[in-house]
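This report concerns only the one structure given below.
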Amino acid sequence: MRTEEAAILPPPPTFCRGRPVVANVFDRLRTLVLSVFLIAAFALPAFAGAFEDAVAKFANDEFSDTEEAIGTIATSGNPLAFPIISALGEDRLSADPDTRKVFITQADGKIIDAATGAAVDKLPDNAASVRLNNRLRRTVEAALGGLTLLSPDPVKRIAAAQSVFKTHDETMLPVVDGALAKETNKAAKQAFAEARAAILLYKQDATDVEKLEAIVAVKARGDQEAMALLTGLGSDQSPAVASAAANATAAIQRTLALWSTVQNAWYGLSLGSVLLLAAIGLAITFGVMGVINMAHGEMVMIGAYTTFVVQETIRTSYPGLFDYSLLIAVPLAFIVAGAIGVLIERTIIRFLYGRPLETLLATWGLSLVLQQAVRTAFGPTNREVGNPSWMSGAFELGQITITYNRLWILCFTLAVFAILLAMLRYTALGLEMRAVTQNRRMAASMGIATSRVDALTFGLGSGIAGIAGVALSQIDNVSPNLGQSYIIDSFMVVVFGGVGNLWGTLVGAFTLGIANKFLEPVAGAVLAKIAILVLIILFIQKRPRGLFALKGRAVEA
Amino acid sequence: MLTQLTHDIATLSRRGLLAASAGLVLGLAAFGPAKAADDTIKVGVLHSLSGTMAISETTLKDTILFLIDEQNKKGGLLGKKLEAVVVDPASNWPLFAEKARELITKDKVAVVFGCWTSVSRKSVLPVFKELNNILFYPVQYEGEESERNVFYTGAAPNQQAIPAVDYLMKDEKVKRWVLAGTDYVYPRTTNKILEAYLKSKGVKQEDIMINYTPFGHSDWQTIVADIKKFGSAGKKTAVVSTINGDANVPFYKELGNQGIKATDIPVVAFSVGEEELAGIDTKPLLGHLAAWNYFESIKTPANEKFIKEWQAYTKNPKRTTNDPMEAHVIGFNMWVKAVEKVKSTDADKVIDALPGTETPNLTGGVSKMLPNHHITKPVFIGEIKANGQFDVVWKTPGLVAGDAWSKELEGSKDLIGDWVGKKCGNYNTKTNKCGGQGT
Amino acid sequence: MMPHVLTRSLDRSASIFLLVVAALGVLIPLSNLLLPSGSIFQVPTYLVALFGKYVCYAVLALSIDLIWGYCGILSLGHGAFFALGGYAMGMYLMRQIGSRGVYGNPILPDFMVFLNYPKLPWYWHGFDMFWFAALMVLVVPGLLAFCFGWLAFRSRVTGVYLSIITQAMTYALLLAFFRNDFGFGGNNGLTDFKDILGFNVQADGTRAALFLLSCLALIIAFLICRAVVTSKLGKVLIAVRDAESRTRFLGYRVESYKLFVFTLSACMAGVAGALYVPQVGIINPGEFAPGNSIEAVIWVAVGGRGTLIGAALGAIVVNYAKTYFTSGPLAPYWLFMLGALFILVTLLLPKGLIGTFNEWWEPYKARRLSDAAESAAREDGVSEPNPAE
C-alpha cells in the first residue's frame, strides 16, 4: 500500500530531502500547469473537444502520444483531469485499442469512461492498461505536483514545494510567492521559502541582493540537494554571488563530512547487528558448548525458509495478516530450527563430545545434506520474502538516511541478545547450562541431566540461528546458499570476541562492523574485508584467546 | 570395496603384488569408455546442479531436457532418438573441465550445452579444442573470444550493454553514470567498453563512477548511499549494473528501502532477469530497467507457445522463462538444423555447417549464426513491473550482429573472428594475419 | 645416507603402498600410451588426467595428515598453500604461452592485455624460467607458512583459534585473488595453457609423464612424512599433539617443532598444487575457498587421521566418489551421499578406513607375528591414531 502510494503521489516531506529528482525536464509542462491555475475558471468549454481527442490518444499505446495526452489533459482544466492522471500513475487506466475508448477503474472497483465520466458496467475484453515508462512516470508526477501546489493538505503542499525547489522553474515564482504569502503552516512556509530561494538563484534577471539572500536560505537547508543547487550555478555570476556560493558550498561540505562520519557509524552498527545476529547462535553452540557447528549457517537458512513458508501461507490464505508475518515467523523459526538442532544433537553430535574437530567434519557433511535438501524441496532459485510495511522505506535523521529494516534488525538483535543473557543468568536451564559448560562431571554429580542440557543448549543455539534467519531474510537472498555466506563471518566474530563469552561476541560483532564500514569508503568493499581479516589474524596473535578470554584452568581443557 | 582392497594388499605376499596392481589396472579400466548405444545421439548437459551457480543453471538443464523431449516427440534426429547425458560440475571450475572430458570421451556426446560463468567456459575451452567437440554457450558474456569449437548464443557486449546505454542517453537524457559491478571479468570488460564508449560520446571522467564489489556482496548500505550522493550533483544520473546473481537481491532491497526510485536514478541491469526477480518484491523497483535479448512478457505466437509447453513440461504453471533459456532454444534448433543439413553429427561437419544457419527466435525475428560463432539478436530494454515481469519500452529496429571482439577496446579493435573464410578466431584486419595484435 | 634415512622407517604396509603407487605410476601411463585405444586394458587419457588429479590431492592430504594427524595442528586453510603452489606453476605456464594468446602479445598474458596493463607487473618477472617457478612453488607457500606459523605458534595460538585464523587466511587470499587489480586474472584465474618445458600439456605423452611425476611426488612425500614421523622429531610432534603443555615443560621448544613441520607441510601442499594445475588446466581463486580446505581435511579423516596411507587413500576414495556420483542419474543427489559419507565416517569409523582396519587387523597380525619375534612397537606408535584434543 505504502509503495503504491509513493508511486502516484509526491513523497511526503520526510522522505524526499536528499532525494534527487530530475530538473528541467518538463518546463513546458510546468508553464502549462501554471496557466491552468490562472485560467481554469474561464476556459473550460473551449478545450472540450481537445480534451476528448487527448484522452483517445491513450489508446494508441505509443509513449509519445501518451505524453502529449497528459500535457493536454493536465492543462484542460477538465474536472476529470486529476482522476485520469492519478489513475494513469496507479496503473488503473485502461484503453480499448479498437473503440479507442479509455476507462478509469476507480479505487472502489467501479469503472467510468475517462472522456465522459459516465459509469460503465465492465471493461471490454481487449482493454489493456495504459503503459508508462520512467519518462512518463515523471511527467505524471510533475503534472500531479502542479495540480497539488495549492492543495489544502499541507503535506502535499510541502511535497509540491520540494519539487519546485528541485526544478527551480522561474514561471512558478508568482504561484510560490502567492502561496508563501498566505501560508500558515510553519514547515510548508519554510519549504515555499526555500523553493522561492532556489528559483531566485537561477533567475536570469534577479539582483545580486536577491541572489545573496537566496544563497543564505539555501545554505541554511544544508543538505546534498542544496549543495547540488549551489554547485550547479553557472559561471556567469557576479563575483559577489560566486564567492558567496563557494563559501556556502564549503560550509555545507563541512557539515556533510561530519554527517558522513555519523553515517558510517550507523552503517557499522547496522552491519555489526547483522554479524551479531548471525553469530549469536554460534556463540552458544560453539562458544558455550565447544561444538564447531559448520551447519550453523544452514540453521539460519532454515529460519529464512520458515519465514518464506509463513509468508506464502499468509499470502494465499490470510492476506490481511501480511504485516504480522514476521512476528508469526519468529517463534515458528525458533521452534523449527531448534527442533532440528535437538534432532541433530541427539543423532550426531552427542556421539562426538570431546572431539570438537570431528564434529566439524560431521556438521560439514550435515550442512551439505541440509543445503541440498532445501534445494530439492524449494528449488535452487531465490524465494521471495517480502518486507512488511513497517520494515520498508526510510526516514531522515539530520543528513543521514536510516532504513526501517536495518533499524528494526538492530533493535531485534539487541532484544535477542538481552533475552538470551537473561535466560542464561536467571532461569534454571541457564544455570544448568552454565554448570555443564564449566564442569561437566561436577554438574552431573550434582544431579543435572547433562545430556538433556546438551540437547537443549544445542537446540537453543540452533533456534536462535533460526530467528536470525527471519531477520536476514529481510535484507538478503533466501536461497540454499544463504547460510554459507554467513558462516565464516560468524566464526570470525566469535573467535575475535572470545570463545565462551557472549559479551565478547557482542563487542566483537560491533567492532568488526564499524571497522569495516569506516574502511570501506577508503579502501573499497573488497580491500576493507581483506584488511579486517588480516587484522583479526594479527589480533589473535596478540590475544590468542580473543577479546574477552576465559581465565582459569578450564581454558587448557 | 576399499576395505576389501586394502585387506587384499595387506595380506598379499610380495609376489602377489604384481597381480594385485594388474588387477587394479583392470578394475580401473572397467570404468573406462562405456559403449555408446548406436540408436541414440547423445547430448551433453554441463550445468551446475549444486553449489553457488545452481541457482541459475538448473533451469538451463531443464530447458535442454525439455528441448530434447520435444525433438524426440517429433521423431528425433536423423531417425535416431536424442539422449541427454546430465552431469553436475557443482559450480567447481576444475570439475567443469573434468566433466567435459568425461562427456566427450566416455559418453561420446555429439554436442554439449553448458556453462554459465566465464570461468567455467574458460576452464572447458582447452578440452573442447583438444577433443574437437561442440559447446553451445547460452549466457551473455564479455566477448573477446571466438573459438572454433564454441558457439556463443548469449549476447556479446554490443548486443546488450551499448544499446542500453544509448537508450538511457537518448530517452532519459542521462549525463552521469555509475558503473557498478561484481569484480570479475564480465563486468570488468563490459565497464571498460562502456567507459570508452561514454567518453567517445563526450561524457567526462568526473561524471563516471566505477565500483566493484565481491561475489555475493550483501551489505550495500555504503554503496547505495554513495550512488545517491553521486546522483545528487544536479545532472541526471543512471546506474549501469553488472552485479551478478546473488548480490542483486540485497542490492535492490537496499535501493528500494533507501528510496531510490527509477524516476530519480534508474538502474539498468544486465544480469537481472525474470528468475532473479522471482526472489524480490518488485513493487519498490517499478521502472528500473534491464537489457536483454528476450523477455518472457514479449507477446509473439512463438513465445506464447513456448511458455505454454514449458510450463506443461515442468508441471509448474508459474515457471518463468528467461534470456539464457531462449539462447539455448536458438542454439539447440540451430544445431538440429545443421545436423540435418550434413546428415551427420560429426563435429567437424557440424561446425562447418553451423555458420549461416538461421532459426526463428522466440521474439519474432530470425537469428542467424555468424562466421564469428556469435548470433544476431534483437535487443530489448524492459522496465520492471510490479508483477515481477518486464515491460518492453524500447527495442532495436532490427537484429544486432554479435561482435566477438569489441570495437571500443584498444587491444581488440582490429580483430575479427571468421571461421568461414579466414578459419581464424582472432584475425587481425590491420596486419591481415591470424593471431591477435602481434607485437 | 639419505636413502637409508628414508627407507629405514618403512614397515610392511608402507612398502606395499609404495610399490602399488609406483606400479600404478608406471603401468597406467604405459597402458595409456602403448595399448591400442579401445582395448579393455587401455586406460583412456581422461582417466589418466583424473587419476593424476587424485594423486595430487593425495599429496595434499599427506601434508595435512603430517600436521594434523601427528602434530595436532588443524589447518582449515591448507588449500591456500596448494593454490599458491598452483598459481606459481600457472604463472610459468602462462608465460610459456608467449605470443600464442588470443591477442598475440608476446609478453603479457591475455587478461592483462584487455585490462590494459602497460607492462608486466614486477611479481610476474622470472616466471618464464622453469627453475624459478619451481623454486617459487616451494618458496611462496613455505614462506607464507613460516611467517604465519612464526606469529601464531610463538604467541601460542592453538586449537580452534588456530583453525579459524587459518581459515581467515585462506579467505583473505580468496578475496584478494578474486580482485582483478591483483594481477592474477581475477575470477577467471590462469588457463588455456599450451606448453610445459616445451611439451604440449595436452599431449598424451605429457599427461602420462605428469601422472608419473605425480606418483613420484606422492612416493617422495610419503617417504619424507614417514621419515619425519618415525624419527625422534616425530616422537616430539606426537607428544605435542597429545599434551602440548607437558612437552613444553619437559624443555622442548614446541613452537620450533611446530613451525618446522608446518612449513614442510605447506611446501608439500605447494608441490601438489603445482602438479595439479597442468593436469586440470586451470587455476582460479576458487581453490582458496575455505570449503575446499575443509574438504581436504575430511579426506584425511575418512582415510584415517594419523595414518599416512589412510590420508592418501582417503583423498582418492572421496574424490573418486565425487566423480562417480556427479554423473549419471544420481547427479542431483550426490551432495546427499557425500554429506552422508562424512557423517557416517565420523560417527561409525572415527579412526577412518585405515585406522579401523588396523584396529580390526592388529590383534590377528600380532598373534601371527609373535613367532617372528619382530618388534611392532615402533609401528604401533605411529599407526594407531590417538585422537586426543
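Note that the chains are named A, B and C in the order they appear, and that numbering of residues resets to 1 at the start of each chain.
The definition used in the following text is that a residue touches a chain if its C-beta (ideal position, glycine included) is under 8 Å from a C-beta of that chain, and two chains touch if they have at least 3 such contacts.
What you see is a predicted model, and the numbers here were worked out from it, not measured in a lab.
Most remote from subunit A, judged by the distance between CA-atom centroids, is C.
Core chain by CA centroid proximity to the global CA centroid: B. With centres set at the average Cα position, the gap from subunit A to subunit B is 31 Å. Computed centre separation for the pair subunit A/subunit C is 46 angstrom, with centres defined by C-alpha atoms. Residue positions 49-50, 183, 212, 214 of subunit B are each in touch with at least two other chains. Multi-chain contact residues, meaning those touching two or more other chains, occur in subunit C at positions 175, 178-179, 332, 335. Subunit A has residues 371-372, 484, 526, 529 in contact with two or more other chains. The residues of subunit C lying in touch with subunit A in their complex are 74, 148, 151-152, 154-161, 163-165, 167-169, 171-172, 175-176, 178-179, 245, 290-291, 294, 297-298, 301, 332-333, 335-336, 338-343, 345-347, 350, 387, 389.
Listing the residues of subunit A that touch subunit B in their complex gives 3-4, 6-7, 11, 15, 18-23, 25, 63, 91, 131-135, 137-138, 141, 224-225, 227-229, 231-232, 263-264, 267, 270-271, 274, 371-372, 375, 379-384, 386-387, 392-394, 401, 403-406, 474-481, 484-485, 517, 520-521, 524-526, 529.
For subunit C in complex with subunit B, the touching residues are 12-13, 16-17, 19-20, 23-24, 27-28, 31, 38, 40-47, 49-51, 53, 99-106, 111, 113-116, 175, 178-180, 186-189, 191-193, 202, 280-282, 284, 286, 309, 313, 317, 323-324, 326-328, 331-332, 334-335, 353-354, 356-357, 361. Of all the residues in subunit A, the ones that touch subunit C in their complex are 286, 292, 294, 348, 351-352, 354-362, 364-369, 371-373, 376, 484, 488, 491-492, 495, 499, 526-527, 529-530, 533-534, 536-538, 540-542, 544-546, 556.
Partner subunit C is touched in their complex by these residues of subunit B: 2-3, 6-7, 9-10, 12, 14, 17-18, 20-22, 24-26, 28-29, 31-33, 49-50, 85-90, 92-95, 97-99, 101-102, 105-106, 117-119, 122-123, 125-127, 130, 144-145, 183-185, 188-189, 192, 212, 214-215, 409-412, 415, 425-426, 428, 435-439.
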